[in-house]
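Next, two complexes with chain A in common: one pairs it with chain B, the other with chain C.
Right after this comes the complex of A and B.
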């Protein structure tokens, strides 16, 4: 026979507050532990989220379409025809939030003083803006006005390297499909900044039609970048695109295009779990100690309950209910504390003093904590699950007392 | 019909090199509705016998039957059920649950038995009134005197109408007035509800209340007499 849950809860609640000081200390420990789990996880999530978004922003897109050999040899020889009806139907469907086709070739850019190897993106500016190019990143001049714009937009860092400035002309030189030199002069119409210096230095934007004409590739493009709605699940979108393109066309998700970035997200998931378990293991010593003390103090009472007809299983149940209440109270307080400390940080934390180090990892100088309900759920599950496992030790100990011996204890 | 039959009970304790005889070949029969006092000096085996009958302690040898059921063969959970349904305990030190009120302490056994809330409350209020604790239902043990706590313990022992009440030195911590009241209560319950009482005590005033007096010494029954009293 086992007492009803409501009676167990009442009994457990009163037992907890017998030694309120000990209970409050344990509650404080659980609260701080839960807060640390959630708060630190939100910071780490924010950092990884930023790294992924920065990474995707540099590509950009969740899914990319290329000619089969392009990824091994990103030259204009491996180009695609402009998207046809079947592909356009998918690209304009609900599962796509934006897309853009572009010519993307390695080129040499020269000013009157310096020259650099860069990637030339021949783009439709409307599509790029929809994909995620931030117009406010243009710090001088303007962005391209259309695919037939004859100007070029370069990064701030590249401008410094080339010792040139807005309004000056640069020469861009590449190879045509016929392996002849294809070159053209462009006037710098805009300068952009980026969180990552490598992007400022390594990418230039020009009108897609102009680049196609320069290379002599008619309407062919190097890649089609597609943006879905959630970067965490690009495979569904990739499958939809894959179904409507020819077999000699490569459709890859960002996870395939940037395995390092992709593995970071998996590593992060594992790290979060390990982090939570480590924190909880530290906490569990306190929890086991508290419950053990509570059990030792009540040996006689436990013996009495057994003498009155409570089965050993009911004693285990009673101690588990007690720990469950303790854990739930600590969780509630910890969750509330974590949420209330994260809300004021929604605008981001300035970590510019560490920006060089963070940039090496692909993160920006502002850290935006990201609280995911899955992480909240995971923290709560870890605490309740492992907490009950930790409480089993004192609970089983309590159930093992022989009534006659327990009743003799003072 | 005999409520309790003990046959050749033996229980020994090792204390250093010496073997202490807790129970030394004890055999006795207790009729349903009997009011019996176990007497004898400290260490004579009274408590050991009560614990063995109540299934709180194991035996080295011998058999105990309660209403025909072999207690010495039952497992932990079955023993718990036996104590829950058929036996009421009254201890020397009251042994109330400190975080529960008088009413909740009395209710406790019925809660474990799964008695409905309405019936539980009604029976608990009635029994507390019967033991003279009306109006003290919400007091916690530390707000009651020793005599009042012992009455709560008695109320708890009998509220579920067990067949057998085992009381171990129930008057040891009580003054003579409280002792008189408690023994009167035991006698009334014995008469009204036909509950079998087995009381361990070395207090001659308590022994005088019993209809049958069993004397113990060194773990053995040395005297078993019927008395005209209660």
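Right after this comes the complex of A and C.
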């Protein structure tokens, strides 16, 4: 006897609701489990995505070009000539969305009261904005107007520490290539804020031409920051740049520049999978239990069906269809619940109470959940796939009954 | 027979009955217990690992430099201005030492300078320290990899980090000049000899910290007898809350000084732990709820399938309350089984990793960020071992409430007729 699929489905459906309480509790458990898989993953993805964006914004760029020794010894002695022909061609090609060359040196900045060590960036403001500096982060004054702007833009926190304010002068001291002290007074023309306090305290922006003149380095720069289109594949961009630069030039992707961030992204991928499997395993005990009970209650009935000529394979099939329906219903409800709880959180979750702790991890104080369809797919695949494997146990058990013995059972 | 003994015997009977009942459906009981065991093992290990890594994170972070408690001028933590001085810092430090003989106490002062070698110049923080007392508070003196740590309290000597030494291109014995401003904003400059190079493992610190003897620092930076902080370290972090009060008494009301504990000194540390705790407990909560569902299902089934049996018993005059107690007792036994086996297996797993250490791929980079070694050691104490399973236990008992309530709605005659 071979039952058509539609009959099988109806049989499974009816069997499922014979004990509606048990089925409902199991459905509820699957729903909660699936919700937790997707919800938690979206929160984590949001956090890591934000960390990567912050990190790439801080570098900045997906790829950076330096003189070979610069990364280990960030001194003006290790600088690059301004980009020429072949490199310019690559930088202005389609695979680059923005680039800028900058002078980047450690300096000491002094007001009349205090001094601090900071990183001085000599930039072309246009390039900096294209690389991701957000003009709305300027909370007082203005950003630089061009590479020849003689002003300086400092962070809010640094301004407090130096006890200075917009319009005041500060002195910046650094080392020239000949190891004499190069210094210059700058007027503070702008104050910026940043998500991470460390940036507000540790970075100042000045015009590139002005910094080059102060240090006496003509048109040399410390680094060229290059932004591609997708942060996930910086290597392609890095290798096109590498092809056109001299051998004493170092081209690194953000993954090499910030190994913490890089490891974060793939540790998170691993964690998401582990989390889903752990949830599923916890669910699986209940699932197997529910199906087992359902099979045991029906021993006599299964015996009868077998006696009437139903093959063991069909019994396995029926139990699997039953669990498939259960899993699919639970998945639908869980998916819907997850999506509907994530939508109101799109505006971001304010976690500023823990901002300093999150800053240690490199995350900012707003958490934006990020629901990726890949994660949704992964959760559903894990539940359906492993769920059917788990259901095999009771299904095979059911098919093992010998018709005559099973019929005798009470 | 007294009523009490009668109750006792009735309880022993219920107990035996409950034990037998849970084994009537062996497979179901084991599957339910397995759900508990699985989550308990996971919880025991994860929570112990969390506590172990928090401890390491706190000890390593505080032990490197900051100490557990600091005395500073109010506002110094936030603004770190040169003139926010603790006057008479040596005397105050020795008063504190007398009051807390068990603690390590070290006075410090700090400034930002431009430091130059023959070839290079960099801006950096320099810290004036007491060579005799600093090793008790900070691990940096012990991490000197080349040369030696400071000895004399007022010699023109400096100890710098590994990265700074490389960037300045200096070795032990070379001279450095530095330029900064003193307490009165006058120019402060000096020539010092590099006597040691430390390797703290933290790139940032190795790049940006240098230590000078406090006496010399005070001379050059016009500090007179002042400093900026007094750092304290105790054997145990748990000693900290008890010393805040007496320490405030020692420093007195004068001078606008404050006592700051580690939570105030490194607020990010506590918050990072809280953030991690919050997300971890969300996950544990989900696991625990799923296990509770499993128990709910099992107990509901076991009540429903005994409807006839319970009907008969109730017809014999047994009150629903006794039956409810029986079902609760069954749940209790099942949860206890999950608890015991879970804690036992969990402790074995945790014990193993607390000996050999635990690592996962990608851990190196993360550990470095939080001053941890690349191997984590779970904490093996009763609290961290029992915490998770205890919560599971309680939730499983809660899960039995709904099935037991069903008993109160049973009508003996109808129940006896149920299939």
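In this text, the second predicted complex is superposed on the first by the 403 of 410 C-alpha atoms of A that agree within 3 Å, B and C clash if a C-alpha of one lies under 4 Å from a C-alpha of the other, contacts with A are read in each partner's own complex, and residues count from 1 in each chain.
Keep in mind that, in the parts below, a contact is a pair of C-beta atoms (placed from the backbone, for glycine too) under 8 Å apart; a residue touches a chain by one contact, two chains touch by 3 or more.
These numbers come from a predicted model, not from an experiment.
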| item | value |
| --- | --- |
| Which superposed partner A:307 touches (first chain B, second chain C, both, neither) | first |
| First (chain B), second (chain C), both or neither touched by A:21 | second |
| Touched partner set for A:240, first chain B, second chain C, both or neither | neither |
| Residues of chain A touched, compared between chain B and chain C (which is higher) | C |
| Chain B versus chain C as contact partner of A:404, first or second or both or neither | first |
| Which of chain B and chain C A:112 touches, first, second, both or neither | second |
| Partner chain in contact with A:380 - chain B first, chain C second, else both or neither | neither |
| Contacts of A:222 with chain B and chain C, given as first, second, both or neither | neither |
| Chain B versus chain C as contact partner of A:100, first or second or both or neither | neither |
| Touching residues on chain B, where the partner in the complex is chain A | 51, 54, 56-57, 76-77, 80-85, 89, 91, 95, 97-100, 108-109, 111-114, 156 |
| Interfacial residue positions of chain C with respect to chain A in the complex | 27-28, 31-32, 34-35, 38-39, 42, 79-83, 112-114, 116, 118-125, 166-167, 179-181, 185, 208, 267-275, 278-279, 282-283, 286-287, 289-291, 293-294, 296-298, 300-301, 304, 360-366, 368-370 |
| Interfacial residue positions of chain A with respect to chain B in the complex | 1-4, 7, 11, 14-15, 18, 300-301, 304-314, 402-404, 407 |
| Contact footprint of chain C on chain A as seen in their complex | 19, 21-22, 25-26, 28-29, 32-33, 36, 40, 43-44, 72-75, 77, 106-110, 112-118, 160-161, 163, 173-175, 179, 181, 259-260, 262-264, 266-267, 270, 275, 278-279, 281-283, 285-286, 288-290, 292-293, 351, 353-362 |
